[in-house]
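Next, two complexes with chain A in common: one pairs it with chain B, the other with chain C.
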Partner chain A sequence: MTPFGQAFAAIVAKDLRTELRTMRSLPAMVLFAVTTFVIFRFGLDRTALSGSLASGVIWTTLLFAAVLGINRIFLPEREEGGFDAFRLAPVDRPALFAAKAAVLFLYLAVLEVIVVPVFAVFFLQEWSGLAPMIVVLLLTNLGFAALGTLISSMAVNSRARDLLVPLLLLPLVVPLMIAATGATTHLLDAGGPSYDKFGTWLLVLGLYDGIFCLVGYAVFDFLLED
Partner chain B sequence: MSGRGLGQLSIATALVLLAGFGLVFFWVPMDAIEGFRQKIFYLHVPLAIVALCGFMAGGVEGFRHLRSNDRRHDANSYVFIHISVVFGVATLITGMIWAKASWGHYWVWDEPTLVSFLIVFLLYCTYYPFRYAIEDRDRQARYASVFAITAGAFVPLNFMAVRMAESLIHPRVFATSQGGLPGSMLFTFLVCLVGVALLWVTLVKLELLGKQTSGQVSKLRRALEAEGFGKSEPTGTVGRRIAPNLEAR
Partner chain C sequence: MSQSEIAIRLRDLGRDYGDRPALAGVDLDLPAGASLAVLGPNGSGKSTLLRILATLLRPSRGEVTVLDTPLPGEAWKLRGRIGYLGHEPLLYEDLTGRENLEFQARLYGLEKQEAGRRIEADLEMVGMSRRADYRVSDYSAGMKQRIAICRAVLHRPSLLLLDEPDSNLDPEGREAARSLIGRRDQLAWQGETAVTRVAVSHEPEKARAEADQVLELAIGGVAP
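Entry: the complex of A and B
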């Protein structure tokens, strides 16, 4: 294994182990999402959703749940000296970026595995659109992971950490949200899924992911210097 | 020294802008459908173009700052973004006036160009609180550059993504296949574009000169204090400024 791969694997394993032992992020994200569904259930006063309303509800909820996770992804590094240890270690700095993005991606995947079925039980009458939605979820997770890691590492060393993450992240993910809701809307139509413009939206998602993975990978070095 | 040539530049800016507005009001033909209110086009569109280019230039300067670790590039990046935000406010205001006259509403939500400009504008508004939240000067400059690069890459991407959710009341004068603008309008538009771009450059230079001067003043004041003058008075270091520091080191 290359040194990069070793560092990557070590950080991912460390983060997953910490999360399994402390349960700092994931339970909060899941609980938040489910509570938000309940609020939408009464706020919208509907028992069944479809089309653009359904995709709006699921994506808004996932976005805000993701913000909770993004806020905390670098917190242990800062509070318990992880950054210093990493700076001392003779490994490539982008390994930390890649590992944190991978961990965030996994968190989001677990979150969605739990929360999307809950959403379907709460609101959907037609379930056949959920299978193709997996592609949209995966691509959007990648975008969240890359951008979230970048923003979180920028915000974690500032005074107004919890405030800055949503402030910086929300405008940046608007295109991601447009593409994700655009792709999901017709999948959740009441009469079964249809694939109008589906490919185009996936292309936008892929392009967005690609660009921000590259940007994050390129600039992350400078966020670790001290 | 960024102050050199500022006088001539201001005069050139004023002349080109005056010439542009002269052409707009006395020479260029009335728009067949929109009539007189279309003339705001010659102000609104150049402002928007210059603001967006300024944002991206801020990203390029941020990149150069990270490459060279030279404070001047960070200052450039900051001032580029700052002036472009001001131009962004002007774009939104002129756009809303035009929209009210033309469409009957100040704001139309299903119009991609408006929405994408608003998103970019909101994103760059967070540049100030972000800078302010970081205490260490070097780190502040570095993080601000990272922000400028990320946001600069975001600008074209955002326009593309929002445009995919297409709707077409906003005029696309340059992209349409049936010819776009007639020659006289294009010429007037280009004169106005050059004028607004010159205005941007002038304001950037003025702002940079101001930063440099205040940096020198505080340096001199510190030197005086070190000599023992004016020690009893509270000095100008009250409160931190987010603008990059341009003192000579």
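Entry: the complex of A and C
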């Protein structure tokens, strides 16, 4: 068998090279997020947001931008026969799950590096909560990546995959969103960040991540069967 | 013939798609190193048979043993020992031909220098050396087929499963492909282990002349 790490690195490198060459996922995600901020800015008719409203705006935007990336993560495997090629190779199948989740995590990280500063410029008067928010973003990304990869691998073989991904993903992602918004609310308070229940929310995020990483790792083998 | 001398053993193999039987009642003993031609009209289950042998499909009934490995139960043991060339080239359109082969080599755990040497040699054999750095999306169907042939044998499999390997190839391409996927006396890469070859064909006379055994399928079963 090919070592897990070698297969993982090969798939991640292949996906990143393809994305850098074609720019099919990230620009769409960034454009969606920035456009949504513009709409919120004019729709809410507010130049500054704080607390739960700021938290709600940023996580709603990131969630739906993430769905765009999740929809596409397995498309080359589906349309160009990559699933068959992978199933023929002497590779542990969870390596594909781990690699795709890692790629999705990177997409989300790049998205956030671009759009969180845009959000701050548009809406925040107090920026000091952004540094601790990085931990929340990273933990939430991991949950998105694990669950999104799992859901995408289930939906990709269906003709209705564009409908199935949000239908399956959105209900399951509610606990993650509650924890992410809960952890972010007091970081974005108008008077500066406070850390009320911050640790508890991080623990919830970590538990969610752990559960879906383990579930994905355990069931992915069966999802690739005919 | 002992079990280990038989590369493929099928007993009453069948596969259904929903209520529709695609393959039924197939029995076969193919010795290791032999060449089998699979013939039959469209819809007789030739591609289905190949996908079952490649571990890509589960049989609905019957017994399948490939290279001493019972399927589908121990399919994981066969991964890396099969070279499969199907209707789809299994190539990423946004990578170049060479990048596709390098990716394949990494998935199969080939050492970098050995992979590079094989890739260059195989590309040369199918006449794609100078066009290996074009994106696959820019290739013609025949060029994709040539790269797909390189992909199928890059890891030097013990069993070759070929679904109409000559499709999309011009006469020059067909000739060039023989050194990679031809009969055992034509293969340029065969090592000490004899390569068993199963090829689906729509050219009965040519296939019969080249193969050691012929399996003729009919719609809903095996031809009488």
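As a convention for this text, the second predicted complex is superposed on the first by the 224 of 226 C-alpha atoms of A that agree within 3 Å, B and C clash if a C-alpha of one lies under 4 Å from a C-alpha of the other, contacts with A are read in each partner's own complex, and residues count from 1 in each chain.
Convention: a residue touches a chain if its C-beta (ideal position, glycine included) is under 8 Å from a C-beta of that chain, and two chains touch if they have at least 3 such contacts.
The model shown is predicted, which means the values in this text are computed figures rather than measured ones.
Steric overlap between chain B and chain C is absent once the structures are superposed on chain A; the two fit side by side. In the superposition on chain A, A:Gly182 contacts chain B only, with no contact to chain C. Within the superposed three-chain arrangement, the count of touched residues of chain A is higher for B, of the candidates chain B and chain C.
Using the contact criterion defined above for the overlaid structures, shared-chain residue A:Lys14 touches chain C, although it does not reach chain B.
Looking at the shared chain after the overlay, A:Phe86 reaches chain C, while chain B stays out of its contact range. When the two complexes are overlaid on their common chain A, residue A:Pro132 makes contact with neither chain B nor chain C.
Touch criterion met: A:Glu225 reaches chain B and chain C at once. Applying the stated contact rule after C-alpha superposition, one finds that A:Gly51 touches neither chain B nor chain C.
Of the two partner chains, neither chain B nor chain C is touched by A:Gly206.
Of all C-alpha pairs linking chain B and chain C after the chain A fit, the shortest spans 6 Å. The interface of chain A with chain B overlaps its interface with chain C at residues 225-226. Contact residues on chain A toward chain C in their complex (touch as defined above): 1-3, 6-7, 9-10, 14, 17-18, 21-22, 76, 80-82, 84-91, 225-226. Those residues of chain B lying in contact with chain A across their complex are 66, 119-120, 122-123, 126, 129-130, 133-135, 139, 142-143, 145-147, 149-151, 153-154, 157-158, 160-162, 164-165.
For chain C in complex with chain A, the residues that touch the partner chain are 54-58, 79-80, 82, 84, 86, 88-95, 99, 103-104, 106-109, 151. Chain A contributes residues 150, 154-155, 157-160, 163-164, 167-168, 171-172, 174-176, 178-179, 182, 197, 200-201, 204, 207-208, 211-212, 215, 219, 222-223, 225-226 to its touches with chain B in the complex.
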